[in-house]
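Shared chain: chain A. Partners: chain B in the first complex, chain C in the second.
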Partner chain A sequence: MHDLGFDIAHFLAGGMVVTSFLLLYQARLSALINVFALHSLVLTLAVGWQAFIQHAPHLYVTAGIALVFKALMIPTALHRIVRRLGIHRTLEVVGGVGRDMLAGAALVALAILVMLPVTATADPLAREDLAFALAVVLLGLLLMVTRQNAVSLVIGFMSLENGLVLAAAGARGMPLAVEISVAFSVLIALIVIGIFLFRIRERFDSVDMQAMDAFREERRR
Partner chain B sequence: MNALGMLAMTALLGVPAGAALLLVLVPGYRLGARLNVGATLLSLLAALSLFGARPEANAYLRVDDFNLYLIVLNNLVSFTTSLFSASYIAHELESGRLTPQYLRFYHAMYQALIFAMNLALLANNIGLLWVAIELATLITVLMVGLYRTRAALEAAWKYFILGSLGIALALFGTILVYLAAQPVIGQGLPAMAWDQLLAHAAAFDPALLNLAFVFLLLGYGTKAGLVPLHAWLPDAHAEGPTPISAVLSGLLLNVALYAVLRFKMLMSANPAALAPGPLMIILGLLSLLFAALMLYRRGDIKRLFAYSSIEHMGIITFAFGMGGPLANFAGLLHMAMHSLTKSAIFFTVGHIAQARGTQRISTIRGLTTTHPALGWGLVAGVLAIAGLPPFGVFTSEFLVVSSTFARQPLLALLLVLGLLLAFGTLLWRLHGMAFGESQGANTPVRSSSLPLLLHLGLVLVAGIWLPEPLVRWFQHVAALLG
Partner chain C sequence: MILSLLLSLPVALLTVSGAAVFAHRHPGRSRGIYSATLVLSTVALCVVLIHWLGGHTPATLTLPIGLPWLGAHFRLDALAAFFLVVVNLGGAVASLFALGYGQHEPAPERVLPFFPAFLAGMNLVLLADDAFIFLFAWEFMSLSSWALVLAHHREVANVRAGYLYLVMACFGTLALLLSFGLLAGPQGGYDFATMRAAQLTPGLAALTLVLALLGAGSKAGLVPLHVWLPLAHPAAPSHVSALMSGVMTKVAVYGFIRIVFDLLGEPMAWWWGGLVLSLGGVSAVLGVLYALMQHDLKRLLAYHTVENIGIIFIGLGLALAFQANQMYASAALALTAALFHVLNHSLFKSLLFLGTGAVLTATGERDMERLGGLIHPMPWTALAFLIGAAAISALPPLNGFVSEWLTFQAILLTPELPQWMLKFLAPAVGALLALSAALAAACFVKAFGITFLGRPRSPAAAQARETDRYSLAALFILAALCLLAGILPGLVVDGLAPIVGLLNGGAHLTAQHGQPWLTLAPVAEVKSSYNGLLVLLFMALSGSLAVLLIHRLASDVARRGPAWDCGFPESSPMTQYTAGSFAQPIRRVFGSVVFQAREQVTMPPPGDARAARLEVQLQDPVWDLGYAPITAAVIAVSTRFNVLQYLTIRRYLSLVFGALVLLLLGMVLWR
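Now for the complex of A and B:
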């Protein structure tokens, strides 16, 4: 059962969790974007490997989308935006690195504790993949909670979404995996890059979400 | 017969999709608004024709008793809202809040939203359902930010972040359902089809199904505006164009709840799985009580009614959580009644905000003297939504309360407390707005009262007399829901 195919799938999925941890403590925006590109690259490899061992050609399409969109186009576009907004040198205050790491480790433990007993009867490959995927999703959530900057929030969301694509790829024979990853890529690419960052900047002179919070109804009266 | 049904089903998706593409190209806003009305009318006719000829389910789409009722409701409200929207946007254009270019975009998006909601309701596949609801989220995010003001952008951003989180959780749940189904049904499309899932649900791994349901309830519950995942809803309703608030409250919340109910049916079909009822009861009661308390301090008229939507979603979720034929019947009825009444209220609120140039409740006074049609329309709408007889909302709320009293008196007390709180606050707010001395700006608005009258008329009729076939239909669906 524990053949090489399984081990490599395990290694790549684990690689995504490790990269998610790397994302947690990047203070500089350009570094954060680069690590996200790495995250997507590992996703491409993981999905590509799943396609190979499951003999599922449609997953190659998913891997291709991950490579072109998430590892190349979106990071390039984000780099350009960050430079045009003039915030590429900004250091974001990241709470305590130690605190975030501990919280992250706890979340990974939680993912494993939740997923493994529940999926005892499932195919071991899908099972481990799912546990890792849930860990990546939770780490993405953690990143979104700890950050203030709009760009970082978006990266948190995209890393979370990478986790979901990993889960969809691990579920053997799941149809619509391609459609789902396309739907997600369109969602973020369209909204994030086209619409939000510039408009928010234009109206708020900042992409720091704390500036936005000041416009709550309570304070507007 | 069947060919006609297929045609109608195709039209339900094809007409809005085609109209969306066409409306991008149409330059004039008058023509655009007319086309918008025409396309929604066509979809409504297609939906109604499904009563006569029902198509066979295929791997992707299906029509059954449960979704047929929601499809008709969906297309009815989107038709009346397009009528309202035609008179609403003319004023927005005159006052310069929107430019013709934005209107082109707006009309195309309106049709795309109807396409997405019809697709979600028709879907026979949990993956397709998810894609459709994601599409609807994406479109409404764009619509909420249409005015490009700071507040609109903040609302759209918040909605985007929370909405996509919800959608992400729902996808994880969907994958888990597939994993539960795959060993029983086999790989591929059948393991994601509703009819197959429901037929084999008893054999699924209960632990996996439990976990899946938690993710799905939280995920789609975010889109239905259930507390504690409701934070996007008031902002999105208050800052977007009012026709969109009407569609959001009246339709999109129902579509999200429909998804939850479908998965609840799966859970009930598996005897070893967790009972979904208590979870839904807790979320429903929380939403009801929280929204009832929050109503009191609202300063913005659209926000007030947005919180009232959270309250009613809470009641509906609670009713379905209680389960059983009577409570399910009440839940189904309440879905329709809330959708009709709340969109009617937003129709009047949209024109009121235009007439007074503000959405602040404290500056809106004496509507019944300055704008009798709008003022009395608002009075009727609020009385209906607050649950006063003889309107249909009273009937469904009464059914929820009485069926709960019979089974769980303690829960019924909490329910009644929430209902009374909301009732009192809404009437108190209404009194200030509708009566008294009018002050401030007063521009006359051309408003069409047809959509309002139609909706309130239907609600009134439902409150006095429910036709026998409809009752039997609801009873049948209520039995399906378990």
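Now for the complex of A and C:
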């Protein structure tokens, strides 16, 4: 049962989890975007490999969408936004890398503990994929929670979405129509978020969430 | 075949709705729409009646719409056919009335599109044979009637009524949804045939009963779920009020009967009947007491709906109690009484609401204190209203008497029940029923006397004119049906026999058409019998004899003298007996206990020219004890959680994240 195809799928899905960890401690926004592009690239490979071993041609389209939109277009657009906002050299204060890494590791353990017993009867390929996908989703959420900058929030959201696509591809693929609509909604979300980023900057001269909190007279504890 | 014909009618009604939306500036649209609904309802009525006379074999139909794995199941059996008659009769008469009444509607574009849709919704509920279609049609009916309640949305009271109605309708549908969920079981057999075959454990069955009682009871207006009804029903235009009060509450009763008597099967414990019985008794008395305190004609009628729904549920509760003890003959009597009252209430409540609509068009007033003396300008409306008032007060020879008499007959059979609780409860409910019948009579003496007799209390009432002939035709059709059902009750009872048999394991009352002189003898002739025809003949004979004698012995010219000349020196109409004066003795006896009624007289000091004031304060015990704590709790909780509205994005994200991680952890630890 443990053949090469399974091992490669396992490796690629695990690769996504590792890339998610990479995302967690990137302090510089440009680097964060680059790692996100890498994350999407690994997703493309993982989905493409799933298409190959499942003999599911429509998954190639999914992989193609991931490559074009998430690995190329969205990172390019984000780079442009960051440059136009003039924050590409900004160092974002990432509170305790060690703490985030530990929390991330705990989340991965949690994902595996949750997924493996639930899917005991499922295909082992889908099981591993689902566990890793849940881990990627949780790490994306962790990224969104720990970051201050609005652009980082966007990246966290996109990486979370990558996790969803991984789950869908593993579970014998979701219908293509759904996949395409999800891809487009993510693209629309990017556009809307991009516009909002500029609007926010116009108002507050910053896209740092703390500046907005200060504006709302939110007391920091 | 018959089912597809009947199903095409709601579709046609919806098309009419659509047409009403688009024909929105056309001058003759109101008449066109109501003619269309009149024709469609009459066709539906005729089709169902022909099917009924032709042997009423159940028809089923499954369409590939609705939920993909379920389809849409429709079925026409005796129970559905009976309620279809009630709905479409009410719909046809209300449409006929609206042909004249609708001309006076200030905002027809807010009424016309929803009226046919409302009728279509009610028809669909009755034809549904799976939970999805049933709930869909039920919600459709609720929402379209909600839109009609808000037809005159500029009045603040109507907006509140609409809001309360929406909340209660959502609650009711939730309860029904849960009860269907229990019936469907974990396999999710949502069509009624599967539910009928399934066996529930006693605990789950009792829970289903309670949920059905909450869901259907909130739509029907059972105390304590009635709070929305007296606000919402009067807020709609009168022909819609007639439909909501006379017909939609019956659809709710249908829902209850369908779930409890048909889908659940045999009742599993005697207390089921006891619960329904006591709720019915409380509704009957509280409804009529509320009604007595009202001086708004439409709201008074709406409270009477609560009372009559109580009477229907008394019959249903008795039937449940008898069925739980395998006394099917007695259960048949109780069920017949309940179903008969369903028909009767739909007839006379529609009649009374339509009569009020006629008064409203003629005077623009609903407040009885500003009406009076309308019998002179509107003699025909007054006659029809009087017949309706006598019928709802359960006076023979009209139909209201027959069904309440049958309910009493069923109560008289309860000593044979083995459970002591029921032995005590049923006579108590019988006493409540008797009390409510007497109070209803008092209430309608007030309603008719203050509105139509005496002298006009306002210029508007003085300038009233008789209503148009469409409205009068509608009123007299209903009045004639009230009389017919009253003097030929045996025919109605025979017509109800197949439904009673369907719900009662095959047992129904003995056929009445063989009885001599069209007598109604539900149990045995030696025990009790009633003959409406003979009562009518006797009343007609003795009445004409009395008139003849008086005119012979006194004088045969009609004299017109000053009204109530004795002790009536002042010519101002304000010195007349008012609705408030009429209700005062009853308010003193019952109101001080039930409503904590307080009267306060403010006398100005000597030398002050201001008028003295008499103020009456009433408190609604149901609202104060049942609803006020709930609203207070909701407000307290939402104030406490108001902080959550003003968090930062990161806090929100952290909340989501924390909740997800907690749930996942729970899953891991719990397994």
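By definition in this document, the second predicted complex is superposed on the first by the 193 of 221 C-alpha atoms of A that agree within 3 Å, B and C clash if a C-alpha of one lies under 4 Å from a C-alpha of the other, contacts with A are read in each partner's own complex, and residues count from 1 in each chain.
The definition used in the following text is that a residue touches a chain if its C-beta (ideal position, glycine included) is under 8 Å from a C-beta of that chain, and two chains touch if they have at least 3 such contacts.
Every value quoted in this text rests on a predicted model; they were computed, and no experiment measured them.
Looking at the shared chain after the overlay, A:L130 reaches chain B, while chain C stays out of its contact range.
Within the superposed three-chain model, A:L107 lies in touch with chain C and out of touch with chain B [touch as defined at top]. More chain A residues lie in contact with B than with the other chain of the pair chain B and chain C. When both complexes are overlaid on chain A, the residue A:D7 reaches neither chain B nor chain C. Shared-chain residue A:L153: touches chain B and chain C both. By the touch criterion stated above, A:L142 is placed in contact with chain C alone, chain B being left untouched.
Legend: residue contacts after superposition of the two complexes on their common chain; A:L164 is shown touching chain B, with no touch to chain C.
Within chain A, the residues touched by chain B in the first complex and by chain C in the second are 114, 117-118, 141, 144, 153, 212.
Touching chain C in their complex are the following residues of chain A: 107, 110-111, 113-114, 117-118, 138, 141-142, 144-145, 148, 153, 209, 212-213, 216, 218.
For chain A in complex with chain B, the touching residues are 114-115, 117-122, 126, 130, 133-134, 137, 141, 144, 150, 153, 157, 160-161, 164, 167-168, 171-176, 179-180, 183-184, 186-188, 190-191, 195-196, 199-200, 203-204, 212, 215, 217, 220-221. Across the interface of their complex, chain A is touched by residues 125, 127-128, 130-131, 134-135, 138, 141-142, 145, 148-151, 153-154, 156-157, 160-161, 164-165, 168, 171-172, 175-176, 178-179, 182-183, 187-189, 191-192, 205, 207-208, 210-211, 234-235, 238, 299-300, 303 of chain B. Residues 646, 648-650, 653-654, 656-657, 660-661, 664-665, 667-668, 671 of chain C are the ones touching chain A in the complex.
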